[in-house]
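Per-chain numbering from 1; labels A, B and C assigned in written order.
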Amino acid sequence: MKLSGFKRELCGMILGLAVLAILPVFIQDTYLRHLLIMIFVYGMVAASWDLSLGYGGVFNFGHLALFGVGLYTYALLTKQLGVDPWLALAASGGAAVIAAGLMVIPILRLKGIYVVLLSFAFSQLILQVIVSQSDYTGGNQGMVMVPALKLGDHNMMRDKKLAYYYIALTLLSACLLFLRVFVRSALGKSIVALRDNEEYAVSRGVSLGRQRLLTLTGSALFTGIAGGFYGGYFRNTSTDVFGIDLTTLILSMVLLGGRATIYGPLLASLALTLLSEATADIGVWRPIIIGAVIILVLLVYPGGLAGALTAGWRRLSAMRTPRGQGAAINKVAS
Amino acid sequence: MSDLLEVEALESGYGRIGILHGISLATGGHNVGLFGPNGHGKTTLLRTISGVIRATRGKIRFAGEDVTAWPARRIVELGLLHVPQGSRLFPDLTIRETLRLGAWPRRARPREARNLERAVAIFPRLKERWNQPVKTLSGGERQMVAISVALMGDPKLLILDEPTLGLAPRLKDELCAAIRQVSDEGVRLVVVEQDVEFLLDLADHLYLVNHGEIAAEIRPGESMNHQAIMEMYFGRELGPLT
Amino acid sequence: MTVLGQILLSALFQGSLYAMMAVGLALVWTTIGVFNFCHGVLMTLGAYLAWQFVDPEALGLPMFVALPLALLVVAAIGFALQALLIRPFIGRGDVVLVAVITTLAASSILKNGTLLVWGPRPKSIPPLAPDTIALGASNVSAHQLAIIAITPVVLGLVWLFLNRTRVGLALRAVAQNEDACQLVGMNVTALYALAFGLAAALAALAGIFFGGFKFMSPDMGTEPLTKALVVVIFGGIANITGPILAAYIIGLFEAVSIYYVGFYWTPALLFAVLIVVLMVRPEGLFARSSRGLA
């Protein structure tokens, strides 16, 4: 049986998700489940960023502000207005999409470093608005006692995070499917065309403004939802999500994972979240080690983890062919 | 005497793509002219000689030193100066500032004043635009600045890559006379040029570069008429047409 | 002192600090073409090293030895950072992007390294001038006045260096055409290192300014880096005079806004104005289109 590329990918995706879905049966530990939830959340944010950065070639340095918008939308709606948490979760995605739409206006025709600067300014503007409205948002202190997500009468607190695990996994699956369909569509191809040769693509009738708008809002949707989920999961908010540290962590997931792969950032989210947790006990040394790892990986593997894996896979499959065997033997001999 | 510049079985290219496949040439005491179709390695040859790109094989000797693996800046210090094709130079610097940078090599510093005088004598026109940014100059004027920058580096050998590209005929003549003057003052030349008349005027020793190899050579003293070169250039059968 | 006097003083003081930070960022961008997110932490290092050299609990050197020494050490750190974080990626198409993440990562390393070496306890270094000076009816700190006076001199020297010396010209040239620089015999790598080192020294000087009137913490560079980013966005990163002007304009804007609009709204207002300016003039208020120093 021969399957088309996308069908094969879909099968792989379903297989992977199935493995993740039965994982909680074997992982009973609350902390390990928490780690997986964080990997899913960061993975969503990083993979979405890959859409605008890797595929679109638009360096939106304010991507984490979209996460923040989702977080604060959820918290404000549920806590200050008493909106149903699930509705608020959907609204957090919508608010991030709107914020991304607004952000596109100033950067519509900009290039390179100016996009970085302006999206940075935009994220700072959102941060400053949140800080200045401390009566509602708690200002620099953040908000506490944010209402949690609810599943009927199910007690979310006493199931060892099982419900949160499945919610996060569902969101991640939806996010992944959305992103892969997006980049494989004609729209996705035109976005890549714009990135690779803007003048030619524009001259062939691709609209720069429309495509940038769709890319950035597309990257905002699940980033905002992830932010909303984060609020419902942790039940508090903090302006730290706008800080340079989280941006560094997520951005390095995108770069280390390998740009324009979607799966790469997800993989890097796994690696970096685990590294981050494994080093949690060594205090100040933790950011130092993570920073050093980021720099080292970039020095050694310019294509990121996905590039390294692809290269490794190729070498492996080359070794299985006779010619490859010869090469491998030569290597051993020399 | 030994050759000022001697290139032996040179191979080079960009990344894995080889452009030069074993080129050998020597200047003797003469000015050398390179000609041949576009995209066959003339510019790559010049860039390899001046150290901008690395040779993958072969040898380059200049002024008695093996400079094959040297970086460009050390080769410049020996007195080999390369005027690249259609250089933008430094768009925001003025002519005065640009020429001052030309005297960057240590060996050129003591003679900075003399070299400046020489450049201005050869290209008096530059003095009129002394404090204008280079980006405001015409193509011909920019080419004059580019050659003057090289003269400020006190060259023993001057490499010119298509100096007349895109220039009006009148400017071409002016530039040709100026380059001749440079040569008369004892600076050896390696010139790449599409305009055969121009090349015949300046060079005594011609090489035809084709497919990254030396396809033909006309030594000093051998007959070097326009007709013969055109035949080499386009192949025998086209001869009668020119 | 009158309201106007206070606003002007505050504008000049903040403007000086912003300018000192922003010029280094612009210098690195124009010569190397990358954005240096280590700039804030280089400022922090300048302040801490100055403390290390000058404080009686540490080395206790006299100020006139300690401060230049701190600047030199930070410049050397800048040299090293450039070689490790930027140089290996030069020539790659995505160097701007990669440099963002490598300098961010290095900034995290250095910030936490500072915490590791010097601990979390707030420190301060002696002000450049200890007294207060009577200006009209009120007293003004001499340290602030010293900063207001020194900054234009230092920046003027930087400007002269870039415009009147051969090495300065070379830095401007490398920003415009690297190939041509090689062909006149310049060592482009060394020029990159020089630009980075000089920028680092300027950041360190800003750190010494800060450490003389505020308590130092390992995180002290983050806020000034953000402000310096705003300044270069506003003034344009394609030269150094634009950011200098922008620094003083933003200092004035903040002083006026804090007085009339209030402390909490000022940052939001600043960013809103910034975005509007950028929509009209993406390259900044004072920039020409091409990249080039001075």
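Quick note on the criterion: a residue touches a chain if its C-beta (ideal position, glycine included) is under 8 Å from a C-beta of that chain, and two chains touch if they have at least 3 such contacts.
All figures in this text were calculated on a predicted structure; none of them were measured in a lab.
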item	value
Shared chain contacts [subunit B and subunit C, defined touch]	none
Chain centroid nearest the full-protein CA centroid	C
Remotest chain, subunit B as reference, centres from CA atoms	A
Top-ranked pair of chains - ranking by C-beta pairs in contact	A-C
Between subunit C and subunit B, distance of the C-alpha-averaged centres to the nearest whole Å	43
Computed distance of Cα centres, subunit B from subunit A, in Å	53
Subunit A and subunit C: spacing of chain centres that average the CA atoms, whole Å	32
Where subunit B touches two or more other chains at once, by residue number	none
Subunit B residues touching subunit C - in the complex, by the definition given at the top	50-52, 71-73, 76-77, 81-84, 87-93, 97-98, 100-105, 135, 149-150, 153
Subunit B partner contacts - residues on subunit C that touch it in the complex	166, 169-170, 172-173, 176-177, 179-180, 182-187, 288, 290, 292
Subunit A residues touching subunit C - in the complex, by the definition given at the top	53, 59, 61, 105-106, 109-110, 112-114, 116-118, 120-122, 124-125, 128-129, 131-132, 134, 244-245, 247-248, 251-252, 255, 259, 284-288, 290-292, 294-295, 298-299, 302
Of subunit C, residues touching subunit A in the complex	29, 35, 37, 84-85, 88-89, 92, 94, 96-98, 100-102, 104-109, 111-113, 115-116, 222, 226, 229-230, 232-233, 237, 264-265, 267-268, 270-272, 274-275, 278-279, 282-283
